[in-house]
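Okay, got some structures for you below.
First chain A sits with chain B, and in the next complex the same chain sits with chain C.
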Partner chain A sequence: MGIASVLDPVRRRHPGGRPHHKLDLEGTKDLKLLKGPWSKGFAVALAVAYFMIPGSLEEQTLRTLCYCGVYAIGAIGLNILTGFTGQVSLGHAAFFGAGAYCAAYLGSTQGWPFLTYVLAAVVVGLAIGGLVGPFAARLRGNYLAVVTIGLLFLAQHLFMNWETVTGGGNGVTVGEAAIAIGPLDFRDLELGGLKYTFPQAMFWLIWAFVALTALLAKNMVRSRPGRALQAIRDRDLSAEIIGVQPTRYKVAAFAIAGACAAVAGVFYALLQNYVNPSEFGGRIGLFLSITFVAMIIMGGVGTIYGSILGALLVEYGRRFIAERGGDAPIFGIPVEKGWVTTGELNGILFGGLIVFFLLLEPRGLAALWMRVKIWFMSWPFSY
Partner chain B sequence: MKKQPWLRLLALLMALALAAAACGGSSDDDDDAGTDTTAADDGGDDGGEEPAGDPEPGPGFDGTTIRLGVLTPTSGSASIIGNPLTKGNQVYWDRVNAEGGVAGKYQVELDIRDTAYTEATAIQEYNASKNDVAMFNQILGTAIIKAVLSQMQQDQIAGAPATLDADWIREPNLVPIGGPYQMQVINGVDWHINENGGEGQKICSLAQDDPYGDAAQEGLDHAGEELGFEPGPRVDFAVATADFTTQINQLEGDACEAVVLVATPLDAAGALGKAAQVGYAPQWLVVSPGFLKLLFAGDLAPYAAENVAVLSEGGNWGDESIPGMGQMIADLETYGGDQVPDPYFAFGYNQSRAVHQILEKAVEMGDLSREGILAAIQEVESLTFDGLLGDYTYGPIEERDPPRTSTIFKFDAAAPTGLTSVAEVESDAAMSFEFDG
Partner chain C sequence: MTALVAGAISSDAWIEAIFSGIALGAKYALVALGFVIVFKATGVINFAQASLVLVGGYLCWNFSATWGWNFYLSLLLSMVGGAVLGLLLEFLLLRKMSGEAPFTLIMVTIGILFVIDNLVTAIWGAEGRDLPDPWGLRTWKWGDVDIAVADVWTIGITFVVLAAFFAMFRFSTLGLAMRASALDQEAALAQGIAPKRVYQVAWACAGAVGAVAGVMLASGSGSLNPALGLIALVAFPAMILGGLESPGGAVVGGLIIGLVQQLTALLAPEYFSWIGGGFEIVSPYFVMVLILLVRPTGLFGQKEVRRV
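After this line comes the complex of A and B, so read on.
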């Protein structure tokens, strides 16, 4: 047997034939968005679910899923920054708030069209992220985290005192902001003579943006810039040696995270119909930022779909406990009969889940799914 | 270009799914199913001249039970207000239910939701419960009411604020009770200047940096105009401030001799504790939501007894000369479980009493729909509280007039609620305050 046949397993096994479908010698399959019939089938199922869900779930559940979508957009941005680039940020709520005020001021007060103020929020998010980014070039770890916390307090001060734009401590309503794309008015959606409720319409709109954000993010992380970000995350010095400019990519990651959070903030404001400075800065803002971090930890750091899973787990779980937790028995006694209040139970479980994932599955739900997938891929030799 | 058969399949399935989802929408001819507010249209009988029959079922009313919402903090720092207040709500309705219910036949249930005293959570809880309740029996927090008010107007739903901001007086969707914060501060400052030896003193404020703080500050500014003094600086703080050193130093540095304290109990105790620690002892005029016996007792008690006046309303707990006191105490003993005497409990109890009067009027008008309840609010001539709170003139929204009398209390660790009244004040400055809303 010659050496050529050893290096060419395809020719050696089946002269003129095809390799096994799981064997990828060129690596091109890794770059495909949908890698096989199962992926394509799953995409079709998601698309069907996207259209079916608003017609089959009650209003409150739809609202909860809308909030999940909002947080998913923000979490995707944070995952690009933290999961793919390795930069810690506890200032995500400030970007989120900036987007919310774009909807409140530009959309509601100034009457800008929907896509225009969404675009403005993207620009504002990019700009603020771009301003914070250079700090990441000089700081890392805990020091960077503290700097981003500082951003929360600066944002709160700005939101509280720039009253002409933010309404100050009284907050501002967002009820006048237009939510229309062409002929589709999502405040009063009507298709083919049928009217849809606000949560139904917003579900379609928000989850369309989730899909768009996820697609853009996925395309980025599986291309050259994405590999550069991951190289910086793994070892920025090594990345620099092979020609990646860490400063440039870190600033870009902050800017992208800021833009994603700002878009999420726009939808948050539209759902809430009201925004107040205290939500995005200081103590409550820090809690919101930590919630975003928890979402990517529980969903899966360094995966796009993990951000969405994390948002669904945290936000849907929170709402589920708020709705059903009061009747849940702990040692046989309903929660509201004396153990803790439902709100306290929510806090306890939230904290417990973070600890659980960090200790037992630091790569989150995405890793659980990967294990299942690998088990089936290697079946029947799954040991 | 390579053909993608799965894309065709996807397009086909999407079309089918959209058609199926459309079943969840509503046609133009069937508005009732499409929106929440139109569903309420069924609830009432608009014929005002015919005798009113039994109210039709509608949101929050199934024909036998009226469901009322409660948006209150049951977790977090403000839960020490929210929990006793909600207990007061519940105890009142337990007694009414035992007597047959509203109009002697409709039982009342509360749907209690935790807002954690944050606007964001409150809005979500409001949306989660609004379709299941006839109105809100309690919404706690000035900032929280501001957050949900536009939604309430849009949904045509009524609610009783557990906050005393004067802004609510001209709001058709709200059922305020008690003298507003502005009244408390004006009367409190008037008492301090005219009866407590505070004439010529520099009066400042230490206020929460939100609409609650703004409301009390408005009272202080009005008192300054009417009583002829220039208020000192307003020092702000955020809810749940960990350390009040900066604020106390600022007040001391500005030589403030009296301070209006606008806070919730944990922050109030934190500020007073810091002041006691550094030996700063002005006359503190604490707006009613800042007091809680549990927090003022202990090490803080001597300082509080010496320097604190609490601005509130009503009389001493257990004062049998107040007509409604005996009933409230009896209800607390019967239905209150381990609830101790508490001013927030009393407020919650009276709040349910106010909502009860509104619901009785709505039943009398034969309409427990949301529109019916909003109409009943403007049909009730006044809300009365058997002396536990001042009577509140209702009727058309522009004629609403809150009680303008306040009670000044001193801290007394031996009293059941920790408060003993020292004066009842209805000042000229309070009478001159106009509620524009």
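After this line comes the complex of A and C, so read on.
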């Protein structure tokens, strides 16, 4: 409003015409959730797809999409932390694991209702994130990255040794956990006389949570706290000078990222039906954390929908290659008969794509989309 | 590697734990030194150091086991191979990335790590292998104290490599160029030092040191498998502990971490069993966090100057 009132007399002085209709001096348009008819139409299309997909895809693909949704929730949290606040974390898997154990212990062993243990996971994620946050306020860049790896090892030790809750090295099953919201029981969903399978029901449940998380995250980053986070990312000392308290916001960003990862962990445990401690700590945990980081790099650092795109690309691609890549030819030789296995091919592609995106398109798939959009917006002028 | 003692801990067990701790620390020091050399020269935390370690180990295995060459010759050749690989990485990728944000650089090197690790598995297979080192599992008896021959050799070879590196760093023109460039790159440039040369030397040194570390980690009671490179993760605390810019700090940090790890393995089951099994895996990170709380840039690290 301040800028607008200063510029108003200037604008009135344009004698020969009006400014371009895309020119937005107030910045209110940038803050809108749905910016124009195109994004409104896209939102409607997404909603239609959401209801159509479970009926029209086969079981295995649905399962894969469920996992994509799980990772998308975690990636949104990491994007708030890394993409918007600029804090590197390689310890995301520890939060993810904490959430998985919430589902296993509170949901299955203690028999809490679904929404209660999801809420508990959120609280646990917030708490652990809040504990790690102060370290982040003291450490920077490279040091922070390595210290968050330490979190993975501490988490692994805890998961292995706190046997009453985690079942120790044997892991723990999640089979007993209830997945019901009100009258809807997602374990065997029945709607209007039609029975739905577990993957179909979980698709609806998980992607509803993805939408919810994305909406909450988007609303946060386009409002005051989100701008504070971005100010810290761009230069934390300057942010401090204009009145943003970096410590408070860094801790908050860690807590939010932790909560998102914990919710994702809950759904991961429900899909897996079993929680294995070595998945979330140590080396394999580091691999999981790196996967999250790779998702936001490939999807788009600093965009919410980029996190979802990245999760789809990485997880769908990985499972596609693992399940069906064996027969696909490389230079005319099927993968399994050549000198790499599908697992190795996956690793090579995964690492190669990280490097590829960072070198050639550091803002990920989201930036590709932005380029298309800007090209059309400024058509027929390319500048 | 872990010394488990029933009942009270004898002085022999102490000596064995301390000695194997120093040997383990020497291996970590080599890995950490590889990290520090590259970081000091180029500002990159090189996660791909782990793959240089892995490739070094496998090259040595390939020369000595598959082709039947002399073990010490194989060690030297794998150092050369590691250096070449380091140069290659610098030439192909990292040169284009200099000056990027730490996050970007870390992720690029992680990407390289994945590619190389999987290529190694594709070429040499995923199963564990024994390096045909001349030391094996033999031990020397010294009173009641058992000392692994491989440990003695590890400490000796590490000492030679470290001495050679520090002599180069301290006395040669190249080392002077590296130090000048690390201190102030623009001033070094004005004196006619080519940063490209410095980068190349740093990466080659890191590759060679990493290869030695790989061979040492796989020799003796260790074995050669694709997870070997990830042992480098334990060297992270060593590097952070000493301070990212300090080669001497890497050595001190490595020794501290090695000793802490072996002594926790010795003492934890006896005196603080409540903490749970396998605490020696976590203890390096525990020590690292404690030290970082007191000194955020490690023991010998430089305090960062921040400008708005």
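Assume the second predicted complex is superposed on the first by the 361 of 383 C-alpha atoms of A that agree within 3 Å, B and C clash if a C-alpha of one lies under 4 Å from a C-alpha of the other, contacts with A are read in each partner's own complex, and residues count from 1 in each chain.
Simple rule for what comes next: a residue touches a chain if its C-beta (ideal position, glycine included) is under 8 Å from a C-beta of that chain, and two chains touch if they have at least 3 such contacts.
Note that this is a predicted model, so its numbers are computed, not measured.
J.: When the two structures are superposed on chain A, do chain B and chain C clash or fit side by side?
T.: Aligned on chain A, chain C clashes with chain B.
J.: Does chain B (first) or chain C (second) touch A:380, or do both, or does neither?
T.: Once the two structures are laid over each other on A, A:380 reaches no partner at all.
J.: With both complexes overlaid on chain A, does A:142 touch chain B (first), chain C (second), both or neither?
T.: second
J.: Just chain B (first), just chain C (second), both, or neither: which does A:352 touch?
T.: Touch partner of A:352: chain C, not chain B.
J.: Quick one: is A:183 in contact with chain B, with chain C, with both, or with neither? Answer first, second, both or neither.
T.: It touches nothing on chain B or chain C.
J.: Looking at A:276, would you say it contacts chain B, chain C, both, or neither? Reply first, second, both or neither.
T.: A:276 sits against chain B, while chain C stays out of touch.
J.: Based on the superposed arrangement, let me know which partner A:195 touches: chain B (first), chain C (second), both, or neither?
T.: Touch partner of A:195: chain B, not chain C.
J.: Under the stated touch criterion, which partner chain does A:48 make contact with: chain B (first), chain C (second), both, or neither?
T.: first
J.: Tell me the contact category for A:67 with respect to chain B and chain C: first, second, both or neither.
T.: first
J.: With the two complexes superposed on chain A, say which partner A:344 touches: chain B (first), chain C (second), both, or neither.
T.: It touches chain B and chain C both.
J.: Which parts of chain A are touched by chain B and by chain C alike?
T.: Residues 160, 282-283, 341, 343-344, 346-347 of chain A touch both chain B and chain C.
J.: For chain A, which residues count as touching chain B in their complex?
T.: 37, 40, 43-44, 47-48, 50-56, 59-60, 63, 67, 160, 169-171, 173, 175, 190-197, 200, 272-274, 276, 278-279, 282-284, 319, 322-323, 341-344, 346-347
J.: Which residues, counting only chain B, touch chain A once they are in their complex?
T.: Going through chain B, the ones touching chain A are 6, 9-10, 13-14, 16-18, 20-28, 31, 34-36, 73-76, 79, 83, 113-114, 116, 118-120, 123-125, 127-128, 131, 143, 146-148, 150-151, 154, 209-211, 213-214, 238-240.
J.: Would you tell me which residues of chain C are touching chain A in their complex?
T.: Listed in rising order, the residues of chain C that touch chain A are 39, 45, 93, 96-97, 101-104, 106-108, 110-119, 121-123, 227, 230, 233, 236-237, 239-240, 244, 275-279, 281-282, 285-286, 288-289, 292-293, 296-298, 304, 306-308.
J.: Report the residues of chain A in contact with chain C in the complex, numbered from low to high.
T.: 82, 86, 88, 135, 138-143, 145-147, 149-150, 153-154, 156-157, 160-161, 235, 237-238, 241, 282-283, 286, 290, 293-294, 297, 339-341, 343-348, 350-355, 358-359, 362
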